[in-house]
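Two complexes follow with chain A in common, the first pairing it with chain B and the second with chain C.
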Partner chain A sequence: MQHPINHNFFTAIPQHGAVYWLYVFATVAAGIGVLALLQIIPTRYRKATIALFTFLGGLYYVAEFFLPTEKGTSVNALTEYQPFVGTLSQVIGAFTVGLGVISLVGMHTRSVVRQRAQWGYSACLIVAFLVMTVFHLLDSYYGDHVIIGQGGILRAAITNHDVYNFLFKGGLNSLESAMFALIGFFIISASYRAFRIRSFEASLLMISALVVMLGQVTLGTWLTGGLPTDGPYANFRFENMAQYILLNINTPAQRAVAFGIALGTLATSLRLWLSLERGFYFDQES
Partner chain B sequence: MNNSFWHRAQNINPKILYVIAMVVIAVPLLNPRTTLPISPNSQTKKAFDAVESAVKANPNQLVILDCQWSASTRGENQFQTEAIMEHLMRLHAKFALMGFVPQSRILSQKIADRLAPKYGYRYGIDYINWGFKPAFEQTLKGMAVDIPGTLKEDATHKPLVSFPIMRDVKNFKDVSLIVEVTPSSTLDSWLGLVQGINHTPVVYAPTAVMAPEGYPFLDSGQISGIITGVAGAGDYEALLKTKGSATQVATSLSAVYALIIFLIIIGNVGYYASRAAERKGFAE
Partner chain C sequence: MQHASDNWATAIFVAIVSLIIVLKVVMAQRGIVPTIRRIAGLNAIDEAVGRATEMGRPVLMVPGIWPISIPTLQAMNIFGHIAKSVATYGNHTIMPVCDASVVGIGEEVLRDAYTSAGRPELFSSDDVRFLSDQQFAFASGVAGIIEREKPAASFLMGAFFAESLILAETGQRAGAIQVAATPQTTQLPFFIAACDYVLLGDEFYAASAYLSRNPTLLGSIVGQDYAKVVFIIAIVIGTVCATVLGAQGIDVKHMGDLHSPWRTFIDFFVK
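Here is the complex of A and B:
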């Protein structure tokens, strides 16, 4: 059974049209107001304010998690506010993207204006950023309706969507894929150079790596495909050996690593939540 | 300077290796007839069966296909997404695409656009794209209570509640299956915040390098199957009895693995042979 969701300030229904834009502008104005206020107040109060809101933000999730749930349900009194807090996080996330963009463009613009070393890359970044932003926005709001060029040597009119597709598919997608594909070539070269059986441990590592590799691809299945699928000889099929290594050797090791990471995450989260983490930004200012 | 054959065997110029690798990758891709027979592994079979049983048990419930990938890992994740989406469409399952990576909204929609006409799938009725949302874990927490209230609108900025497919969808209790296609460590959040509470089956489709992280959860029954990288996508296509792009790429992958193994053997033989020659030289 779930709590009925009552529509109030915290669980507001989605708005549309002018009211929607009013909400957006009000949120942006409020955000800018809060940031301006944080700039004005003295550093020691600023630190305390941020620490307080960080604590309250974390407290909601901690309380929601630890408070007992109602009998036969997985909800308590705080659960129904999760969409609101989730939306708040999304809004804060959007602000951090905005601040990131301002910082990035500001830094590279200064680099171009002062013609620092390799300022050409900065100019390239700014141009790519602006062009991609403009054409993505045009594509989002005007579809395929803005004609960028026609006539002359062009057989057909070029629309904003064509340019956006060229930039996104031809540019961004291809460059990202190419960057990752290069890693594959590097791995081939690195494994050839690095995998030397110099010790017993290295031998174990290499043999298990080869078995898992072959057990994961069709080549391994094909190589030992002649062996029976059942009985003692089935143990020598690459896919079965790989399965054994992954489930009986890898799994306990992964569990141990996961426990270690979980403990570390818990400690770090507590330090962040209570603003105890060293390097907490305002430590440097005060 | 040692210029013996075995010494050179240990130090092949990387540029030569790159050219050989390029040829080995390209030949199976350019020649569709060169495919090795695929025998799907047990994790992929489990994933396939989990999709079948979840959809058949709850045909009116929604399947969430969470695409957490961008163009950088599309060499693996695109084929996984494509194979799973094809399976969902064959089963006439209602599904929602979502992602916490900005590019995934467009990339997953492109796959849906390509497959939808083949199976007569209509946007907003048979499937929907919830688009990109920031703040992954907070959004999941919100969705546990109210999916339309947390996500509010789809990828085209229309209110979620206006789509017929969303009529009976309130929270994760109305979701029959979650498929996580990802190159990142996002599985823990799905398991901790969703699967652990609602016991919704989760199928994990990571890049090959991330797959070992999923095995403890497969062993504990928290995930219902793993589709490992592009090889897993090839296995999935074999289970679908279709020969798509993943089958072709899986053959190419096999050829590259064979090349790597061959190079490792050559390097090691060279290493030991040159050491033996050095020892012999010292002895003399």
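Here is the complex of A and C:
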């Protein structure tokens, strides 16, 4: 049973009216203020401040996880502040979106202005960027506005929404699907190289891959279909061999790798949380 | 949202493992510095960067498609070391990114690396390129960069998904030496098939320690290894319990109302 969330300053943000805009303005102003403050304060205090806030942010999630839940519910005293903490992260992330746009448009504009090699691609990108932005905004506010009326070869009028849909579904989605479809061809070329028999390990890989592939398709089932479905000879049916390889060899290996990754993630998280991390963009150790 | 009270056994394990790692980090910072084994993929970095310089081609570094996260930060840490090597050779780096939040970090990492190598003039903010936050738009952008600029060394490190093979195969076709690392176990086979070197599992997280020989990071790696020993012991005990109970005809997954002083013990290790 979910515990009802109490509404307070941290959990309830008004969705409409002047108070909403006051919240938005205050958040932007506070964000800019914090960034400006971080720029002004000396470097040694800046690092300590960041370390403190990193620790406090992490401490909330650790405490929320370890604090016992109230009887019969899946929440504890800290759970209701999760939306607030999550929103804070989103707000900080939102400040970086501008950086991306500046980087993208700046680089390609320079490329067009200086007519660098293949600057035509950059021009295409800027045009596509502007057209998509304009029609997305028009679709959001004046979606039903007719651009070209019905008549002539047009059976129906064309609205802002239709143009946006054409660009998004007809353009972006189709191009993305085409890129995704390329994976099929790349799998063939990559498999060809991986399965070339050059060593004992490669031979083992080739044989097990062949068995797994045959075990997954009708041809494999048909090839060993004459063997009984029960008893010792059933072990030689392709589908049973494939299942054995997948469940008893592949899965344990994947889990072993996953164990290592989970431990590595935990260790890196701890280093970041406790500001023990050393390296580029972190403190260099003396 | 999961809580410790949902499964105290897991929570205790996490707490023990965390303590071991922090303890080893503190010990390493106080002078007990361990040594770690060689990692082939990381030894190949200098070779790949040197080859790129000889061929007069750039070095490509892709930090995955996630926003700021543990794998992305780890990739950036490794890229800092590689970029320093690239700067030392006087070569040029390209770092396409898929999330706007990574642009600033990428620029900072490359600027730091080029400055610490004594070649700040070689760094350009155009080296870090935000392409798109759409997965396949990003993949096609990176594939385009590989086809046009023909990097001689490509480092794919961070969180990758379906686009992994597109990037690795395009790099392979361009003749680049490729080193890849990802925490996504489903993408590891694609990288193994298409790249020259792959950092498997926790090797990815050990890379920055290996490259920097930094006591804090080395201590953390040893802490992870001790934690692995704890896991192995738990797995062995769990396997023995399951086998012994299985021989008595008891399925540990369906122990039902079996009351025994060993119940908690079995729950802890088997379930």
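One rule holds for everything that comes next: the second predicted complex is superposed on the first by the 187 of 286 C-alpha atoms of A that agree within 3 Å, B and C clash if a C-alpha of one lies under 4 Å from a C-alpha of the other, contacts with A are read in each partner's own complex, and residues count from 1 in each chain.
Convention: contacts are C-beta pairs under 8 Å (C-beta built on N, C-alpha and C of every residue); 3 or more make two chains touch, one makes a residue touch a chain.
If you're wondering where the values come from, they're calculated on a predicted model, not measured in any experiment.
In the superposed model, A:P83 lies in contact with chain B only, and not with chain C. Applying the stated contact rule after C-alpha superposition, one finds that A:G225 touches chain B and leaves chain C untouched. Of the two partner chains placed around the shared chain by superposition, neither chain B nor chain C is touched by A:L130.
When both complexes are overlaid on chain A, the residue A:P68 reaches chain C alone and has no touch with chain B. Of the two partner chains placed around the shared chain by superposition, chain B is the only one that A:L246 touches, whereas chain C remains out of contact.
Of the two partner chains placed around the shared chain by superposition, chain B and chain C are both touched by A:Q254.
Contact with neither chain B nor chain C is seen for A:V113 once the two complexes are overlaid on the shared chain. In the superposition on chain A, contact is made by A:S269 with chain C only, not with chain B. Once the two complexes are laid over each other on the shared chain, residue contacts for A:Q216 go to chain B alone; chain C is not touched. According to the touch criterion, the shared surface of chain A, contacted by chain B in one complex and chain C in the other, consists of residues 64, 74, 79, 82, 93, 97, 172, 176, 179-180, 187, 189, 191, 193, 254, 258. Those residues of chain C whose C-beta lies close enough to touch chain A in the complex are 1-6, 11, 14-15, 17-18, 21-22, 25, 67-68, 70-71, 73-74, 76-77, 79-81, 99-101, 103-105, 108-109, 112-113, 125-126, 128-131, 133-137, 139-140, 144, 148, 162-163, 165-166, 168-169, 172, 183, 185, 188, 190, 192-194, 200-206, 208, 212, 214-217, 220-221, 223-224, 227-228, 231. Contact residues of chain A toward chain C in the complex are 64-69, 74, 76, 79, 82, 93, 96-101, 103-104, 107, 110, 118, 121, 172, 175-176, 179-180, 182-183, 186-187, 189-191, 193-194, 254, 256-261, 263-272, 274, 276-282, 285.
Interface residues of chain A facing chain B in the complex, by the touch rule stated above, are 2-3, 5, 11, 14, 16, 61, 64, 74-75, 79-80, 82-87, 89-90, 92-94, 97, 140, 168, 172-174, 176-177, 179-181, 184-185, 187-189, 191-193, 195-197, 206, 210, 213-222, 225, 239, 243, 246-247, 250-251, 254-255, 258. Those residues of chain B whose C-beta lies close enough to touch chain A in the complex are 12, 14, 17-18, 21, 36-39, 41-42, 70-75, 103, 106-107, 133-135, 138-139, 141-146, 149-150, 152-153, 157, 159, 161, 170-171, 173, 197-198, 208, 212-213, 215-216, 219, 228-229, 231, 234, 250-251, 253-261, 263-264, 266-268, 271.
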